[in-house]
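Take a look at these structures.
First chain A sits with chain B, and in the next complex the same chain sits with chain C.
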Partner chain A sequence: MTVLEEAPPLRIVAASLRAFDCSYSRYVEDPPPLGALVAVREGQFPVFGVVVNVESGPEDPTRPLQPLGEPGQSAADVMRAHPHIRQLLRTRVRVVACGYAADGMPRPLLPPLPPPLLACVEPATVEEIRMLTAGGRFLSLLLAAPECDDAVIGAAIRAAGATFGEDGRTFLVEAGKELARLLRAEPARLTTILRMAV
Partner chain B sequence: MTSDTIGVVVGGSLTDGIQVRLHPGATAVLGEYVTAPADGGTTILGMITNVVLKAAESGPANWPPPLGDDAAAALVREVLLDTGVYTAVEVTPYLELHPDGSSARARRLPRHFAPAQRADQATVDRAFAVGDRAAVEVGSPLGMDDMRLAVDIEKLFERSVGVFGKSGTGKSVLTLQLLDAMVAYSRGCSSASDRIVALVFDMHDDYGHYMKFQGEGTGRRRSLKGLHPDHVEVYTVDPTRKADGRIVIGTEDIEVDDIEILRSVGDFTELAIEAARIAADRFGRHWIDLILEDEPSPAVLKSVWGAEPPEDATWSHVAQRLGIHAGTFGNLRRGLRSIVRRPFVEKGSGQFKGILDEVVRRLLAGTTVVIQFGREGRNLDSYMLVANMLSRRIWEAYREAVEQAAGNDAAAPNRLVIVIEEAHKFLDRAVSGQSIFGQIARELRKYNVTLFVIDQRPSQIDPEVLSQIGTKIALQLDSEADVEALVGGVVGRASLRQIIATLESQQQALIFGHAVPMPIVVRPMDLASDRRPGENLRLPPLRERLGLAEKPAGGLYG
Partner chain C sequence: MTLRFDLVAEQLASVIAEYREAARGLDAAAEAAAEAMRSWSADPEGGNQRIAAAMEGTAQPYALAADEPPADAFDAPPAEPWTVVAADGSSINPDRFAPVPCWVVNVGRVALPYGVAGEPLLESRPTVGPTPVGSAASDGDEPEEALPLRWGINLLRDVMELEAVADLACSRVAFGPVVALLDGTLLPWDLDAPQIPQSVRDHLRDRTARALDALRAAGPAVSLGAYISASRAADVVNSLRALGVEPGAPLAADAVLFVRLLGSGQRSALFRARSERMRRVEQQFPAHEVCFFYVRIDDDLARVELPAWAATKERVERLHRALLEQSRYCGGYPRALQEAHELAVISSREREQFSRLLEAESTRAGFVGILAGKQRSKRRRVV
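== the complex of A and B ==
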């Protein structure tokens, strides 16, 4: 939360019902991590999603970043030495939708409408995460998304589990059972994901 | 006494049973009673006859989760339980319980996803229809320790009963509990003809004053005489033991039919029995004494040859003259010598007739009679001879009493249950056709006499006789042949066979047959050191309310 407050807002630059692309206005070192649950609270329905990809690079792909810096300098040292570079770079985040809120109640269903463009993307609150992920029903939307590989799903479960405190183990088992139901024909994949979720 | 849901119905058939998928965390054991609702308010009552570990898909079975204590492996295992793999039970449906209180054999099934619940006491009592009848509590269903199963006592002893199990499984304890309830029940009957009495051939002296007990506490428990001193009489064949009476048999009391049963223990060949008939026909009631003399007496010679017997005639000559092979005659004499050496056998005419009359009189008056064998219990010949001699004659007395009652339109005699141990010796294929015990089993209750057989080897019993045993109680049996003999021909025998195979070595019994509407697997009640008479007897509530036979706490009589 602190990091995002310090960084410029993360805004939606492309959106569909199933996924949306977001971007910072410059390069940031600590965007929401893989598997984090984020919320878009603007528009008719607040929409929730899971971070499936984070990438940083030049704003203009035709002008690639040069490997600046002297030997022994860290990335932070280089950025401090060349503060204008940060402005020429962008950090982009890809989010897969995994729920929306109706009447204030998060539901693990596909949102009826995509979130508005340029809407701010924020971390979901602990309460929202718990309500959305309890029982693991949100996993069916993730499994249906081509961008969600095993690492994404494992990270999403791990991130959600961290919000349950002492009940984290119970959440893991319940989400795992839902995953087992969804992946009943793919035991090896189930095992891989659960190993990543622990 | 609570009904709790253990799972949902997911399939099945009337022939193969209902499949119930257990809810996560739910457990169920073989023999438990389960109900599930069917159409029209009907409840299906069945018994768990198999527990199955299943995989929803082939994956978890082909790629089982890794072993090990690391968090990931533990999580995978926990996740797959009750999802990818699960536990199901097979429930054999036995009864339909209708909303109007009636019940019938199950002819329909619950629908898919019907909740399956553990049956409660009220449901089981209703199924066993013992609400308004005297019943004997036989124990608790497995896994349902708070429930007591009771069997209609009249129905139990209406036809022959068999208790089968290998040594040390608790046959004697269970038998004592049933007989104790029977005596207690009879004590409450106002007329002698309503009573059920037992004639117990007590090979190991377990059913007299005390029973040897290997469980907790003292090494013995009060037995039938100890519990019901005024309603049980004890006789003994061992002259060194004290009892209410002593059985003494005279050689002149022994008939060929009495010794024929000893063929099954190898004392006599079939030809020797034929030789005995020839000898008995020729020499009359003294035949045993005569042919056991060292040399043929003048009376024998005269009987065989007439006025001019040959000089120096030997037993071989006598046998030859009678058309008996010398070897066969020798076998007969050896067998008879073994009999007359028994301490309860006296030469000539003993007191047998008087004792027999006394025993019959007591039985008809409603007193249970226990014949103990003392040291002779180690001798199977003695046991079989006495049991056969008494049973043949007592059955004859009952037959006459029943026929007389029918002719005079009078009350029939009370019901008699003859209790024999090592029953396969009396009822094996070779002798059951001629044995009085085979006859009693086949005639069901025609003359108010039924059998209570206790045995370790049911496979040795003539299948025809075994099929006439109305109610069978099976404890642990090791031999596949014994299990098959018991359940062969019974509906649902595959599941019964499975149950018997899983019975523990003690305190578990399967009861099926005439007296119970469906097979039951029970853990018989303990034989407590402070056991009271009639502890297992459950009287109808109405009688209790009216105070006709008030049952004190823990027992019927003090």
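== the complex of A and C ==
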């Protein structure tokens, strides 16, 4: 198995209205990054969310991973030399919900139901991200989530902004205005997030 | 706490002191045995004849020199690309309190490709029985009485492990050389256990023979080894006694001798295993005579059994190197066997879950178990 091999599906293993935990069936090097917008298109309502954490480690916590490898070997070399390891590890992704779709239209509101367990989690399309994030209204749900620290919100704004192409600056200005409204009592935090968002 | 460690510790001291006394003179005995090994090496055939004569009428296991001088030690060749396959099993015996008699055999199956094509495989496959005749889990041609119930589950598990290894080896050999590993002895010893019905033993003997035949037919690219960690076998020591080493010498096991003869990573010469029990089991597999060698991996002295047809230089060298490579990062035990064990093992929690599942399913089908008093008291531990 090599790092170039197609990753297995990312599936939901625990879900609530506000957040869901997802896992691959093995270790993968290229999961959705921090701040990425993802979609779950199964269940009554397609649900959207922002990646707030990614972690990899042993599936069985009683079997810690040893620091294998000879001097000069890269991680890929070590994986090739120990082909069992990848399957004994798991990559897990934590997502905070920031919207759902009704009648095919993404809305920046809390979904009425959690996404189904074992549903596949995929990257949201450019179109979905634009519709969900335009005007920055999705930020209120993120700011209300304890897991969304300043770095997560900054990364989510950057990820969304990248989908707007030439209109990226307009998106950033609108998102900045929305943040200023939501964080008027926390000017220091507002400044920190804005610095991280560009 | 029910075990009173204050009393245990008091008694341990005298046990250790007694062992120390018994071990006195071990070095001298090992040196005498090593000298006898060297004499045996000088005339392997003559030594074999004296050992064969001493074997008459005894039940003890002996070793005969194969094609290598018995006192020699061998280094492993460099590693090559290959696939290591292994299987290990775990089982739940039928519970006599259960409403429906039922067993489970769970076999962990592992295939790890090193520099050859093929995906790594880590999986477990449970089989629940007794299986109806002709079902997918049975092979369809066994008589009903051949299906093990209370006795023979361990034997069935051993056979299923061998079948899994044969299946994996045959499916991977197209990608390159294969090293197939089993945990324990090569031949299932329970094939001569009188408490297992003869029909069950006959059926499982046939399955064993088919698996061994398949491994043999896979050709010289397949090495096969049954790995016994910390072996306590004394075949070689018994042979040395037949060659004149003092019978009272404190050499309890071959490991005591070979740990002195072998450097780290070295293997011993190949030996042919001989005993009355071996003969009884082996004669059921005339094409698969058992050989063995010892290999020193860190502080462990492991016995590796293999069929005589797999005891060619190329196959043994491949097996030797693969065992060292496999054990290098795995605490001195082959990685593939460890992972197969991890996949096979049925935890006490899972055993309890199975028991409850069987009870629920049986009750749904109208079978109500009668809970014995002892079982009831264990489930509800009131004061």
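As a convention for this text, the second predicted complex is superposed on the first by the 193 of 198 C-alpha atoms of A that agree within 3 Å, B and C clash if a C-alpha of one lies under 4 Å from a C-alpha of the other, contacts with A are read in each partner's own complex, and residues count from 1 in each chain.
Just so it is clear, contacts are C-beta pairs under 8 Å (C-beta built on N, C-alpha and C of every residue); 3 or more make two chains touch, one makes a residue touch a chain.
Bear in mind the structure is a predicted one, so any value in this text is a computation, not a measurement.
In this overlay on chain A, chain B fits alongside chain C without clashing. Looking at the shared chain after the overlay, A:Leu179 reaches chain B, while chain C stays out of its contact range. In the overlay built on the shared chain, the residue A:Leu68 is in contact with chain C alone; chain B does not reach it. The vertex angle at chain A, taken between the C-alpha centres of chain B and chain C once both structures are aligned on chain A, is 170 degrees to the nearest 10. In the superposition on chain A, contact of A:Leu194 is made with chain B only, not with chain C. In the superposed pair of complexes, A:Gln87 makes contact with chain C only, with no contact to chain B.
Superposition on chain A places chain B within reach of chain C only down to 48 Å, the least C-alpha distance between them.
Overlap of the chain B and chain C contact sets on chain A: empty, with no shared residue.
By the touch rule above, chain C contacts chain A in their complex via residues 110, 112-115, 119-120, 122, 329, 335-336, 339, 342. Chain A makes touch with chain B in their complex at residues 172-173, 176-177, 179-181, 184-188, 190-191, 194-195, 197-198.
Considering their complex, residues 56-57, 59-60, 62-63, 65-66, 71-72, 75-76, 78-80, 82-84 of chain B touch chain A. Interface residues of chain A, counted against chain C in their complex, comprise 1, 63, 66, 68, 80-84, 86-88.
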